[in-house]
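Consider the two complexes below, in which subunit A is the common component and subunit B and subunit C are the respective partners.
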Partner chain A sequence: MKKTGTGNTDKNKRSRKAKGRLLPFAFIGPHLILFTIFVLIPIIYGLVISFTRWDFINSPVWAGLENYREILFNRESTYHIQFMDGLKNTLLFVVLNVPVSILVPLLFALLLNMKPRGSKIFQSILYLPTLFSISAVGIIWMQMLNKRFGLISMFGVKHSVTTTYPYVWIALIIMSVWWTMGTNMVIYQAALSGVSKDLYESAELDGAGALKRIWYIALPSIRFQLLYTLVITVAGSFNVYGQPLMLTQQGVGGAPKVNVLIMYIKNLAFGSGQSIAGMASAMAIILGAFILVVSFIQFRLVSKDE
Partner chain B sequence: MIKKNGKIGLSLCLTAALMAGTFAGCGNSADAESAKTAAVKETAEKVNADVQDGVVKSGDDASDEGTSENEIEFWNFFTGPDGDNMKAMVEGFNATNPKYRIKNVTMASGDLYTKIPTVVNSGKGIPDLTIVDVARIPMFYAQGLLESMKPVLDAAPEIKKENYKAAVWDTGTFDGEQYAVPLDMGVIGVAYNKDLVEQYAPGVLDDNLITIDEIKEIIPKAAEDGIVTIPVSFFGYEQALSLAKQEGAELFKDETTPNINGPEFAKAMQTLKEIVDLGGCSDEGEDNLQLFMAGEAIFCPDGVWDANALNAIEGLNWGITNSICYNTDTFYNFANSNQFVMLKNDARSDEKEKTIAQFLEYVRQNTLEWARSGQVPASSAADDEAEYKEMNQHFFVSTPEIEESIQFKNYKYTGYADDAINKVFGDILFGNIDLEEGLNQAQKQVEDNIAQNQ
Partner chain C sequence: MKKKTRASRWASCTILTLVAAVWVLPIVWAVFTSFKTETEIKTKGFGFLPKVWTTENYINILQNTDNAPIVRWFLNSMFMAVTVAVLSIIIVSLTAYGYSRLKFKYRDQLFYTIMAISLFPSVINIIPLYKIISVFDWVNNAMAMIIPGLGAVTNIFLVRQFSLGIPKEFDEAARIDGAGEWRIFTMVILPMLKPVLTVVALFSFTSVWNDFLWPTIVFNDVEKMPLTAGLQLLQGAYGGFQLGPILAAACIAMIPTFLLYLFAQKYFLQSMSLSAGVKG
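And now, the complex of A and B:
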C-alpha cells in the first residue's frame, strides 16, 4: 500500500511537473502557430527565392549568391543602382522621420496630460488620422499642397512642394507624422498617466519649473515606453512605402520623386513586366537584415538600461 | 497643476494646431471647385487601384447562393465608373437566363495581376474569364498562361476579325491562333478646350492635327495670360511614342532589344523637352487633368476613358483629337486595350466555354453600353449608333485614316519598358537628369530585366 501510495504521489508529481512544463506552451502556442505560418515560413520562403531566378510562373532556377552579388557589388547593374538609391532615400527618411515622430506625439501627450479643457476631444482628433488609409491621407495632403488649388496657394507658395527638393522631404515628414503620431501619443499618454502626481507637486514645491518637471520626472518615468516607440518607429520607417508613393508621384505613370527601397522591391516583384522575384527577394532580405541589426542594437540599449 | 486660464490657453493652442486639418482641400479658386471635386474623385479611384491590397469590390452579380459549379467567374479591374457599365452588361446577359450566370468579380488591377500567378500555380480558384490589358497579353502568352479562344470562336461565329477593329483584334493573335477577344481601345489623344483653342489657336485643329511648330507658335501668347499650352508631362510617354513612330521607330527593335535610347525616341523626348523649356507645359508635379478641367490649359494629352470626368465639369467645352505630330504627313495614336482572355484551366468545361462565347457575343452586340464608359469599343457593332457618334471618343473611328493610326504596345517586354521610361520621363522633361543619360539608364534597366528572364 505504501509503495503504491508513493508511486501515486510520484506519478502525481510527474504529472504536475509535465503539466507545468506544458503550460507555457499552451499560452504561447497559438501565437507560435500564427508566427510560424505568417512570419517564419514566409521568411524562409523569401530566403529560398532570393537564391533563384523566378518569374512566379515558370519553375525557379537556382542562382546561388548571384542576386546578392549583383545587388551589392556590381556597380554597373541596374539592381545595384536601384538598391543604393532606395537605401539612401530610406535611410534619409528614417533619420528625418524618427526624431519628429517621437518628439511631436510626446509634446502632444505632455500637453494632454495637463488635462486642458476638451482634452478627450483633442486626443480623439489627434488620434483620428492614424485610422485613415494611406490613400485618403495622400489625397488630403496632395490637395492641401497643390500650388494652384490647394491650401498653400492661399499663402502664395509658388513651388510644387511635392516634387521640388528639399520641400518634398519636408512635406513627406509632415504628412507621415500627422498620419502616424496617434499611436505613439497614446502610448506616452498611458505612461504619463501612471506617473505619481506627488512627484510633480514635490518638485514644484522645491521650485522646479515646468520644463524641469518634464525633464527630470516625466521623461525618466516613461523611458521604457520611449525606447519601445523608438524601436517600432525605426522599424516602421525602414518599411516606408505608401507615403512617398502617394505624395510624390509625378503624374500619370511617372515615378515618385522619392524612391524608397520597398518601391524598388515591389516593382521588381510586381511591376508591369515579368516578375523578377529572386532579385526582389534578395533586396528584401538585405533590407530585413539591416532592420534586424538596427533593432538588435536598440534592444541591447534597452537591456543595458534595465 | 496648471491654472484654469492656463488650461483654456492650452486648449486654444491645441485648437489652433488642429485648424490646419480643417483647411484640407480649401482653395483660392472658386472656378476650379467643380474641377477639383471631380479630379479628387478620380484620383481616389486611381489611388485605390494602385495602393489597396486585396479585392476592393465584389460584383453585385456575385450571387450568394451561386457556386463555381453554376457560374462563370469573371475577373476584371473596372473599379471606377466604368464598373457600372460592365455591371449593366453582366446583368443584361444574366437576365437572358444562360446556363451559367456570370459572376462579376471586380478588383484593383494590381491585385488582379498579382493573383493570377498564385491561382495558376495552385490550380485552384482560376477564373473562367479575365480582363487583361493588351500590354500583358504577349507576356502571358509567352509564359503559357493563356488558353486558345478557338472553342469560343467556334461557338460564336460572329466573334471574328471582320466584326472588330482589325488592329486591336490582331493584338490577340499568336501563330495564327486567337488568344484574346478585345473589349475596347483606350486611345490616348489630345483633349482640347474649344474656347481656348478659339482664343489662342484658331484654325489649328482644322486638319485635326497639332504640329510641333503650331504648339511653339501658340506658347508665347498663351503664356502671357498664364495659360498652359500643352502639359506634355501628362501621358507624354504616349506622345513621345507617337512622335518616334512618325520617324519609323518602334519601342523594341526585336523581341528582346529595346529601342529606348535610339535617335528617334531621343528626338521625340528632346521635342517634348523643348515645349517644356519654352514654357508651354505645366510645372513639375502639377495635376494636369485638374489644370485642364479648370480651363487653364488649351490642350491636354489624355485617354478617352476620362470623357465622363471631363463631361461632368460644368462649362468645360472640350473635344479630343490626334496625338501631336512633327508634320501632317503621318500621325499615330497609341492606345491601351482591355481584352477578354481565358487563363489555362483544365477544369473549365466545354459547356462553360459555350456560355463564355454567348457572353462575349452579348458584349459584342451591346457594346454601346461600354462606349458610355468613355472607351472606344473594339466591336464595330456600335459604329452606326447615333448616340455613339455624339460621343467625343467616336473621333478615333470617324475615318479610316484615324482608325488606322491607332497603335498598341504589344511587345513581350512592354511592361519593363513602361516602368523604365516612366521612372526617368519626368526628370528628363524637367531637366533633372540629362536626356541621354536618362534614356541610357532606362535602356539598361530594360536590358537587365530581360536578361533576368533569359
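And now, the complex of A and C:
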C-alpha cells in the first residue's frame, strides 16, 4: 500500500484522519484485547482441545471424535459412566429446581405487589441470601441439617438428611431456591409495579377475581421477564456445582452424594493424578451445547406465541 | 371494594411475615450459634439463643493461622474484589462510551458480535482459561481472579444501554465549546453514568467476593486463596466435629456483602430491573 503523498497538507490531513480512526480504539481497545484473550480464544481453544488427547503438559494429540464417542457411546468406559451419572443428576436438578425457582419468587412478588405494610422490609429479607457465597451458605445449611446438633434436631428429625435419598435432594432444592430466588423475585416485582393500575381496576369492575386478574393481566404483562428468568434459571441450573458440593460432601475428604457434570469435568481436568483435559473439554462442550440448544428452544417457543 | 383490598393486604402481610421469618432463620441461627460455647452447641435440648454469649469461636478461628488462615483469606478476597470493582468501572465506562457515543464503521455490528460470543456457556472456557492463566504464570496469583473477568460483556451492555438514553445534545454542545472526545467523556457523560456505574462496582465486588468454582481451580496454595475457596477447606478441617468455629467463619464471610447491601440496597435492587428490563 505505498502511495506517494502530494505535499505536506495532504499528509497532515491523512494523519488527522488516521488519528480520528484510531480514536475509538482508545476507548474500546483495552476491552477488546481482554475479550479476545479471556473469552474468544478460550472458546475456540476449548472446542479444538475437545478433539484431542491432552494432559495440560505435553502438546495435544489429535484424536478426532474419539473423546465424544467414548463419552457418549462406549458403555464400558469410566468416562461414559461418569458422564451418564453426572448428566442424570444435573438433569434431575434442572427439572426439580427450575419450576420452584420460578414459581416461589413469582408468588412472593405478587404478594409484595399488594403493597402490604412493611413490604420494603420483607423484600430486603427475602433478597438477603442471594448476597452470600455458596461456601458460606453451604456451611450454614450443612450444619443446620446436622442431625445431632443442628437446627433440625430441635424439631426432632432423626434422618441424616444430607446423606439419605430422597431427603438430600429435597434439602438441595430448598437450599438452592432459598439462595438464588431473590434475583428473579426482584425482576418480577419491578415488572409488576409497572403494570398500569387502570387495567386491574377495569378488570375488577368487570367482576374478575384476584386469580383471574393475575392470570389475564399480571402474568401476560410480565411475559418478557418470565422468559428472561426462565432462560437464565435453566442455564444456571445446568451449571450447578457449588450447592451439591457444599451440602452433600460428608466431612473430611468424603465424596459428594450428588455428583453433577461440572464436578466430573473439574475432576478429570484438575483432579489429582494425570489430567485428562481433552476428555473433560469434550464433556464441557456437550454440556455447553445442551445449554445452548435448550435456551434456543425456549426462545423459539415463546416468540412463536406472539 | 376498599374493604376487600384492605383484607387482602392484611392476608399478604401475614403470609409475608411468616415467610420472612422462615427465610432469615438459617442466618439468624448461624449467627446465634456462632456465639455459643461448643458444649452448649452439643448439648441436647438447647435453646435458640445462646445461654452464655461467648466469642471463643471467633477467637479460635481468627487465631488459626496454620491450616485455616482466615484473616489472610479475608484480606486476599478484599484485595481481589476491590481491585476488580475499580478496574471494572474504568474498563466498562470507557468501552460503553465507545460503543454508544462514538461513531465508527461497524460499531453496532462489532458490539453485537461480541455480545453473541459472550453468551456461549462459560463451562466451555474453564479448561482453556486455566491453560492461559498458567502461561501468564498466574496460578496461585490474585491476577487470575482479577483480569479474566474484565473481558465480560454484560456490564458493558448495561452501561451502553444507559448511555444510549442520554440525549445527543449534551455532546454536541460540548463539542461546539471546543471540547475533545476525552473531555466530553470525563466531564459530560461520566458524571451522568454514575448511578449505573455504582451498580457495576457493587456487582463486580459481590461476584468476585462470592465466586466459587474458579478460585477452587486456580488456587491450591492456602496462603494465596480467597475466602470462598478457603471456607471449603474449612469444612474439611472442622466440619462434623466442631460447629462453632466453622459457623463463625461463615458469618465473617457474609459481613462485607451484608454491609454493602445495608448501605446501597436501592442500587442492588434497581440493578436487577435494569438488566431484565432492557427489552421489556
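The definition used in the following text is that the second predicted complex is superposed on the first by the 267 of 306 C-alpha atoms of A that agree within 3 Å, B and C clash if a C-alpha of one lies under 4 Å from a C-alpha of the other, contacts with A are read in each partner's own complex, and residues count from 1 in each chain.
The working rule: a contact is a pair of C-beta atoms (placed from the backbone, for glycine too) under 8 Å apart; a residue touches a chain by one contact, two chains touch by 3 or more.
This one's a predicted model, so the numbers in the text were calculated from it and none came from an experiment.
Colleague: State whether subunit B and subunit C clash or fit side by side on subunit A once the two structures are superposed.
Modeller: Once subunit A is superposed (C-alpha atoms), there is a clash between subunit B and subunit C.
Colleague: Does the superposition put A:Leu72 against subunit B (first), subunit C (second), both, or neither?
Modeller: Neither: A:Leu72 stays clear of subunit B and subunit C.
Colleague: Pick one for A:Asn267: touches subunit B only (first), subunit C only (second), both, or neither.
Modeller: So A:Asn267 only meets subunit B here.
Colleague: Considering only the touch criterion stated at the top, classify A:Lys115 as touching first (subunit B), second (subunit C), both, or neither.
Modeller: both
Colleague: Is A:Leu219 touching anything from subunit B or subunit C once the two structures are fitted on A? First, second, both or neither.
Modeller: neither
Colleague: If you stack the two complexes on chain A, which partner ends up touching A:Met84: first (subunit B), second (subunit C), both, or neither?
Modeller: Neither partner.
Colleague: Give one of first, second, both or neither to describe whether A:Met279 is in contact with subunit B, with subunit C, with both, or with none.
Modeller: So A:Met279 only meets subunit B here.
Colleague: Which of the two partners, first being subunit B and second being subunit C, lies in contact with A:Leu292: first, second, both, or neither?
Modeller: A:Leu292 contacts subunit C only, not subunit B.
Colleague: Going by the touch definition up top, name the partner, subunit B or subunit C, that contacts more of subunit A.
Modeller: Between subunit B and subunit C, the winner on subunit A residue contacts is C.
Colleague: Quick one: classify A:Ile139 as touching subunit B (first), subunit C (second), both or neither.
Modeller: both
Colleague: By the touch definition at the top of the document, which applies to A:Val100: first (subunit B), second (subunit C), both, or neither?
Modeller: So A:Val100 meets neither subunit B nor subunit C here.
Colleague: Which region of subunit C runs into subunit B, 109-117, 199-207, 217-225 or 253-261, after the two models are superposed?
Modeller: 217-225
Colleague: Across the two complexes, find the residues of subunit A that touch subunit B and also touch subunit C.
Modeller: On subunit A, the overlap between the subunit B and subunit C contacts is residues 56, 108, 111, 114-119, 122, 125-126, 129, 133-136, 138-144, 146, 148-149, 151, 153-154, 242, 245-246, 250-253, 270.
Colleague: Can you name the residues of subunit C that touch subunit A in the complex?
Modeller: 1, 5, 8-10, 12-13, 15-17, 19-20, 23-27, 29-30, 33, 41-42, 44, 46, 48, 91-92, 94-95, 97-99, 102, 104, 107, 110, 114, 117-118, 120-132, 134, 147-153, 156, 181, 185, 206, 209-213, 217, 227-229, 231-232, 234-236, 239-240, 243, 246-247, 249-251, 253-254, 257-258, 260-261, 265, 268-270, 272-273, 276-277, 279-280
Colleague: Taking the complex as given, what residues does subunit A use to touch subunit C?
Modeller: Answer in residue numbers: 21, 23-24, 27-28, 30-32, 34-43, 45-47, 49, 56, 108, 111-112, 114-119, 121-129, 131-144, 146, 148-149, 151, 153-154, 178, 183, 186-187, 189-191, 204, 210, 222, 224-225, 228-229, 235, 238-239, 241-242, 245-246, 249-253, 262, 265-266, 269-270, 277, 280-281, 284-285, 287-288, 291-292.
Colleague: In the complex, go through subunit A and note every residue touching subunit B.
Modeller: 53, 55-58, 77-79, 81, 108, 111, 114-119, 122, 125-126, 129, 133-136, 138-144, 146-151, 153-154, 160, 162-164, 242, 245-246, 248, 250-255, 257, 267, 270-276, 278-279
Colleague: Going by the contact rule at the top, pick out the subunit B residues touching subunit A in the complex.
Modeller: Checking each residue of subunit B against subunit A gives 2, 6-8, 10-11, 13-15, 18, 20-21, 23-29, 32, 36, 40, 43-44, 47-48, 50-52, 110, 113-114, 117-118, 120-121, 135-136, 139, 143-145, 233-235, 237, 283-288, 290-291, 294, 296, 413-416, 418-419, 422-426, 441, 444-445, 448-449, 452-453.
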